[in-house]
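Notes to accompany the following structure.
In order of appearance the chains are A, B, C, D, E and F, and numbering begins at 1 in each one.
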Amino acid sequence: MKISARNVLKGTVVSVDKGATTSHVKIEVSPGQVVTASITNEAVEALKLVAGGPAYAVIKASDVMVAVD
Amino acid sequence: MKISARNVLKGTVVSVDKGATTSHVKIEVSPGQVVTASITNEAVEALKLVAGGPAYAVIKASDVMVAVD
Amino acid sequence: MKISARNVLKGTVVSVDKGATTSHVKIEVSPGQVVTASITNEAVEALKLVAGGPAYAVIKASDVMVAVD
Amino acid sequence: MKISARNVLKGTVVSVDKGATTSHVKIEVSPGQVVTASITNEAVEALKLVAGGPAYAVIKASDVMVAVD
Amino acid sequence: MKISARNVLKGTVVSVDKGATTSHVKIEVSPGQVVTASITNEAVEALKLVAGGPAYAVIKASDVMVAVD
Amino acid sequence: MKISARNVLKGTVVSVDKGATTSHVKIEVSPGQVVTASITNEAVEALKLVAGGPAYAVIKASDVMVAVD
């Protein structure tokens, strides 16, 4: 599947923190650079996400903001 | 200002592509890894974004998806 | 690629309306039910989207609201 | 109330899964096609959502992605 | 229609700036406090939005971030 | 830090409701007008958000919808 989302960052799952319905998944996308995703528990199970496994962080361009100092 | 968004990736603006009301800003957040942001032209002007300048890509955790091969 | 987004609706592209930087793509996901996506022109080209072609509308669960009469 | 969100899909609530603060609501929008919404528990109560009741899945066009095989 | 989005701010349309496919609509939700919405031109026409008219800014709770100084 | 998000509403934290992984934070942005944010527990701790403290509600323009009666 090829997706319109312009941002697909390859990395490794660092941690999966499951809540009651929502999980927080941390993915290291480059050395020292970790991206946090808040997704459903259902998706964590469907994708069989576990720490140490490969994964992509996927982000739609319209969900990215820009900041400057 | 400190923000709740869990993802703040430091980088360099690669390009700013202005449309009629919406701009696409590309930020290199690590060597070879470019993030695209779709923001208002108004924001591009307010932040004085230009190619070559420093910038952060900021993303709320609930806007990050995860994918696996 | 398998994605965490819980909503992947199969359909047919009805129209592609290109703006300066942003396109609106309409996908019929069931008879008479059309979903509109606002994505970058760049994505339209990368996915070679044209009216009549097959496509999926993909939506993260946290981006779906519920309404009642 | 008339809303700018371009996607308003009529359906029937299939299930409501309540977490500590966040609920997952599944709505069948056409036979066999189910949309999952992640909304606040507060909203579930305000809208009195229960399985079997009528409901709309509402999605802003800028939150819809497109994918192809 | 009653919506799950927790934030419905009543106000007055201050301006409508139409682009090629996307419009920016400014709504004053309290004296001096203006909210900007980026929506499709199609929605602007469907809702007949014009400066001076009444309107609500509607925002899903999961799209609101928090910041501190 | 200066952010591209067009909507930064100054206010006072009214309540912080922590779930298993996700918190709901209510911010009064003008007398009687309360905005609800759904953010990670991690962010609540990082920003030391407590009822009574000052805070901003920050919203990207593309996440704001418009409605009319």
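The rule is short, and it goes like this: a residue touches a chain if its C-beta (ideal position, glycine included) is under 8 Å from a C-beta of that chain, and two chains touch if they have at least 3 such contacts.
The UniProt protein names, listed by chain, are A, B, C, D, E, F = TOBE domain-containing protein.
All of these numbers come straight from a predicted model, not from anything done at the bench.
*Asks:* Treat touching chains as neighbours and tell me the shortest step distance from subunit A to subunit D.
*Replies:* 1
*Asks:* Going by the stated contact rule, which chains contact subunit B and subunit D alike?
*Replies:* A, C, E, F
*Asks:* Considering only chains that satisfy the touch condition with subunit E, which of them also satisfy it with subunit F?
*Replies:* Chains that touch both subunit E and subunit F, as defined above, are B, D.
*Asks:* Using mean Cα positions as chain centres, tell me which chain lies farthest from subunit D.
*Replies:* Here the answer is chain B, farthest from subunit D.
*Asks:* Sharing over half of the contact pairs with A-D by residue number is what counts; pick that pair out of B-E, C-D or E-F.
*Replies:* Having compared contact pairs by residue number, the answer is B-E.
*Asks:* What is the distance in Å between the mean C-alpha positions of subunit A and subunit E?
*Replies:* Here subunit A and subunit E have centroids separated by 29 Å.
*Asks:* Taking the mean of the CA coordinates per chain, how far is subunit C from subunit E in Å?
*Replies:* 23
*Asks:* Measuring centre to centre with CA averages, how many angstrom lie between subunit D and subunit E?
*Replies:* Distance between chain centres, rounded to whole Å: 21 Å.
*Asks:* If a residue has to touch 2 or more other chains to count, which residues of subunit C qualify?
*Replies:* 1-6, 19-20, 22, 24, 36-40, 42-43, 47, 56, 58, 60-63, 65-69
*Asks:* Run through the chains and report each pair that touches.
*Replies:* Result for touching pairs of chains: A-B, A-C, A-D, A-F, B-C, B-E, B-F, C-D, C-E, D-E, D-F, E-F.
*Asks:* Report the residues of subunit B in contact with subunit C in the complex, numbered from low to high.
*Replies:* 17-20, 22-24, 36, 38, 62-63, 65-69
*Asks:* For subunit D, which residues count as touching subunit F in their complex?
*Replies:* Answer in residue numbers: 1-5, 19-22, 40, 42, 60, 62.
*Asks:* State the interface residues of subunit F toward subunit E in the complex, per the touch definition above.
*Replies:* For this pair, the touching residues of subunit F are 3, 5-9, 24-25, 27, 29-30, 33, 35-39, 43, 47-49, 53-69.
*Asks:* Contact residues on subunit E for subunit D in the complex?
*Replies:* Residue list for subunit E touching subunit D: 1-6, 37-40, 42-44, 46-47, 56, 58, 60-62.
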